[in-house]
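Order of writing sets the labels: A, B, C, D, E and F. Residues in every chain begin at 1.
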Amino acid sequence: MRPSGRQANQLREVSITRQFTKHAEGSVLISFGDTQVICTATVEENVPSFLKGKGQGWVTAEYGMLPRSTNSRMKREAASGKQSGRTQEIQRLIGRSLRAVIDLVALGERQVIVDCDVIQADGGTRTASITGAFVAVHDALSQLVSKGQLASLPLKDHVAAISVGVADGKPVLDLDYVEDSACDTDMNVVMTGSGKFVEIQGTAEGEAFSREEMNELLDLAGAGIAELIQKQKAALGIA
Amino acid sequence: MRPSGRQANQLREVSITRQFTKHAEGSVLISFGDTQVICTATVEENVPSFLKGKGQGWVTAEYGMLPRSTNSRMKREAASGKQSGRTQEIQRLIGRSLRAVIDLVALGERQVIVDCDVIQADGGTRTASITGAFVAVHDALSQLVSKGQLASLPLKDHVAAISVGVADGKPVLDLDYVEDSACDTDMNVVMTGSGKFVEIQGTAEGEAFSREEMNELLDLAGAGIAELIQKQKAALGIA
Amino acid sequence: MRPSGRQANQLREVSITRQFTKHAEGSVLISFGDTQVICTATVEENVPSFLKGKGQGWVTAEYGMLPRSTNSRMKREAASGKQSGRTQEIQRLIGRSLRAVIDLVALGERQVIVDCDVIQADGGTRTASITGAFVAVHDALSQLVSKGQLASLPLKDHVAAISVGVADGKPVLDLDYVEDSACDTDMNVVMTGSGKFVEIQGTAEGEAFSREEMNELLDLAGAGIAELIQKQKAALGIA
Amino acid sequence: MRPSGRQANQLREVSITRQFTKHAEGSVLISFGDTQVICTATVEENVPSFLKGKGQGWVTAEYGMLPRSTNSRMKREAASGKQSGRTQEIQRLIGRSLRAVIDLVALGERQVIVDCDVIQADGGTRTASITGAFVAVHDALSQLVSKGQLASLPLKDHVAAISVGVADGKPVLDLDYVEDSACDTDMNVVMTGSGKFVEIQGTAEGEAFSREEMNELLDLAGAGIAELIQKQKAALGIA
Amino acid sequence: MRPSGRQANQLREVSITRQFTKHAEGSVLISFGDTQVICTATVEENVPSFLKGKGQGWVTAEYGMLPRSTNSRMKREAASGKQSGRTQEIQRLIGRSLRAVIDLVALGERQVIVDCDVIQADGGTRTASITGAFVAVHDALSQLVSKGQLASLPLKDHVAAISVGVADGKPVLDLDYVEDSACDTDMNVVMTGSGKFVEIQGTAEGEAFSREEMNELLDLAGAGIAELIQKQKAALGIA
Amino acid sequence: MRPSGRQANQLREVSITRQFTKHAEGSVLISFGDTQVICTATVEENVPSFLKGKGQGWVTAEYGMLPRSTNSRMKREAASGKQSGRTQEIQRLIGRSLRAVIDLVALGERQVIVDCDVIQADGGTRTASITGAFVAVHDALSQLVSKGQLASLPLKDHVAAISVGVADGKPVLDLDYVEDSACDTDMNVVMTGSGKFVEIQGTAEGEAFSREEMNELLDLAGAGIAELIQKQKAALGIA
């Protein structure tokens, strides 16, 4: 029995609310259980300087946590004057994951900037961020299509992410904070709608893990991501 | 007629949601129309070093805006590596406003850290922050009382804030973004439940303003703040 | 009786020395009693990027204190690597105050950069800075006129500033450090030569203040600023 | 045929030189082909503050590249005033990898600080760093044993790392810079002497990769790491 | 003939004003011609951590230039967020020069912090700073003696500094800005009252200089410094 | 007898290895005894903005120490977020020394960036850096000549550097760390192949030094530098 009472292969309750705030081209509130992240997608008609004149667009992401999204208050990164290594790792991961399913040439010379801000954290903030960010980007790109700035959505596939881990010696899906703190192995998996891998990041600070454990974890992750992509489609009305 | 169709002395719709997130001792979502701010209050059993052993507590505040809380995306302060002068002004203002109604000696050697994070901005983010932060602090202090750590609430009064300004030549209450951008004079007023002033910050980048205009503005502000304090009491169930 | 022996409505001795240093287009040493500030005005034939091609100029200000301008040594901001929130508040206030009386379109596409550096502090450094900076700017602009770069002074009015406060329960003008540290209410008022308000910043960290107290404070401030503007005119030889 | 003429499952030439510099408790120059990294291990008789009094030690790592270790000169991070996100990711990875095989309780209340500085880069700097750092740490810990400060080596296993990737559609081992720049999938694998996984970081910025491709990559990595661990043992004279 | 009309071995007019500002234990305004520097000495009853419990004191210095002390405005270092390499070099030089003549053991466990702030620059700001700082330190130490905190002045000698250079092919003393900008060799010499060297920093960005030129420069410097030390003594009333 | 057993006028063993790393246009490993520095020279076809269109080139240098190049580990400057004053002094010195012998007009509108990274330190890192950097620059410029981008080497002379000091009351050449830590006077001398001075930096934190001592030190330095320049020529095959 998991601390939350869930089955080993059971996701937390997932909800995806579109148009959560009014200014952004795409704005989504996503919840994985008690983890809540606001994901916005901003379209800007320019590209970073390393892409000027290269005939393609760019997608990038920034990530942050409200100081009291966590159980004890974290320092505000704006006040300490820098983003932590963890924050940078996560925002780079979100950006790469989204770029894997976006046709940057079809996007044209513009960029999409994604902001993922965690307002309540209970484990899995990076996977919720990626899963919600895809929906926000989808909305922002749809707006470009409906305004006639793009002929069709420059998307190659869906992308979503989930964590898996070995807790109390057995593989489980979608770790919450209690499980995450206690588990030996923690793996974040990012996959497309067609079941291919975009990113795998597995870490064993405790006991190293075997090839067999990894296979079990990837099976769990694949099934969980398929569910998440169904939820993205339902939220987008394209199920 | 104001752009929003409101009367000169009319507040925007105000809503105050307590227990908005689960980790903080006090957590409030406050809206002044389309302006939405998450205000959390954290209690820590320590004081800043300049107060060690002085037999009193402290209340301080930090403020931030999500990058896409605004119409065009703002740079993330954590990424640029510093808080702007505007951010620092606002968070200092929030802290002073709260300290004016809290009995720091009765609070004991602990501090309350308030975080005001704007998730959607449409003018008046600092006044909404102060008004919501008071409720979050009230909840955090009430928890200390209910746990027996304080005998009674160390509060001397309520505190709330509102903006007033001269727009199109006439004084109006609670400016939204459209009015704020166009107005000559912008004044933020912070007052207590007993109708005394805690802070007044009036600025004329356009036309300087007369003593008469200021008197009219203060009349508007006083009435508006009385309304806001009623809403705080209703939210807290102490109306 | 005030600690300094002054009457409630009495300014400290004010002196204004023009051409204090030789390089700047305007250079003023202003004293409010023991508070001494060097105010320089620099003219640059460019504008900040947000004003490029907008057909107008800009006026901005920076503020600093020598480390030992104060009773105990302050950290040098250049060494700590950032300007404090207080410094930023003050320099923004100085800039806004000056812009309120300068015709930025008539100034043309150039900027005036004001530097206010406190060499000795005894309360009221920001009000002395504003009052002295106006004279420095006047000198810098006069030089543009005498060189034929401007047809006439792009000034709409004078501007000066003074502090008022409630000390020992009674309103007083132009607080020195001893009064400032002890007073309940501290208000900085910036006004034009025609007696209109440019900025009002009133703060009650101690006891909140009533509308009546505020009115008394504004009366004191108005009379004090009228005196200061006379002294500016005398210094400029336009009395 | 690979650009370097190597077989798909062939490592570059690996050399490990111990006692490379004289001050550090462990100092290793490791080469993976043209990639050369100096790895030093420093023992300090203290622990980070979050571990004070917890009865265990710590191992941490820092990583850097000499500005001209690369084909075109990189900015010196000390001059730009911050470490890039990539640098932080890599140094966190090195630290976690080492901690996975070190018995932190047996280490006692001391820390080992590893510095990996790339003097010449040709792909695979992070995997060479981990592989060389293990040898440097082994030397540093051996010194503690020979001085009688530890009864035995607090090591649970060996650890080494290698990159694998899909280049030109086929899985290859130990990518050099040319292959790394061109490949679709890049995976860094960290494993123990007993063939278990410590870290897996796979990324597809180009085409997403299938479960089958991943299995092939992991087979390649496993064999490569077994070879690297043999080379570590040979260098340490414990083969 | 030099641009200023001075003889090759002639100092600019030197003035030394003690008690220039009121808060510091020592406060001096020193002028070398148009170069004007405020030098203050602060006594603090503590030492830097590397000297805790070592039974000796410390003397350190910080240096800055007001933005408009120069002909065209320099960026304010507090605003750019760091001190330039030049600033750091100069403040380290001032500190070392003072420490060379102060008996740090006799000073006891306290530190003297010197601040040299240039309000008007015309070449030679570092040499004026050292020469003025000695007088400020002398005053601060005298105050410790007169308060009974020290039995006698912990000074081993006087110290002063001057620049020399090769301008238009001939050695000259005390370069002003015009000469400094044009000269081939620039040397700053710091000497004691007994004519010994504390620091020599000679630089040839243009033509390298010969041993003979150096000897001539040192002769000039020696005579100049003897004059400066007479002026220090006159200012201190110990001539 | 010196701690190292050397004669007063004896250099440590000097070795100069060219083509030490493969990417840089010039790459040298230089050793002065146990002090080892990697010096690379990078040619970029641009100039700093202050030289744009001035018809000349530029040479600049950066310096760093690996954290464990020293006996106890130094903080990594990239991690602390700034270069120390010492680092900045040294890199400015290296740059000036090289510029003194390079014909910047003949170099054309390009810049040479030198990186000196200390991998093992035992005193004299700045003098080894200058001496090795000259060889690296020579190689980089030779490559421009051999590629036909320059008609001839834009070099006016050789340049090398050595330290001298007064240890145990007698002048000695090329101080190692043990002597450097204990000596009263420490002087770094930079000279050309024709025996002229480029830089002299002498410091007495202990006892001030006399003119006679300085003359002896300069004699030692001159002879040492002549030897170093012979070694540069031998390494370059132009002896």
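Quick note on the criterion: a contact is a pair of C-beta atoms (placed from the backbone, for glycine too) under 8 Å apart; a residue touches a chain by one contact, two chains touch by 3 or more.
Note that this is a predicted model, so its numbers are computed, not measured.
Path length between chain C and chain D in the touching-chain graph (shortest route): 3. Centre-to-centre separation between chain A and chain E, using Cα means, comes to 59 Å. Centroids of chain E and chain F (each the mean of its C-alpha atoms) stand 28 Å apart. One finds 33 Å separating the Cα centroids of chain A and chain B. Distance between chain centres (mean CA atoms), chain A to chain C: 51 Å. Shared contact sites, meaning residues of chain A that touch two or more other chains, fall at 81-82. Taken as a contact graph, the chains are arranged in a single closed ring, with each chain touching exactly two others. Here the chains link up into one ring; start at chain B, go to chain C, and the full order comes out as B, C, E, F, D, A.
Within the complex, the chain A residues that touch chain D are 82, 85-86, 88-89, 91-92, 96, 99-100, 157, 187, 191-192, 194-211, 214, 218, 222. By the touch criterion given at the top, residues 21-24, 27, 34, 36, 38, 40, 42, 44, 62, 64, 66-71, 73, 76-79, 81-83, 87, 113, 115, 117, 119-121 of chain C touch chain E in their complex.
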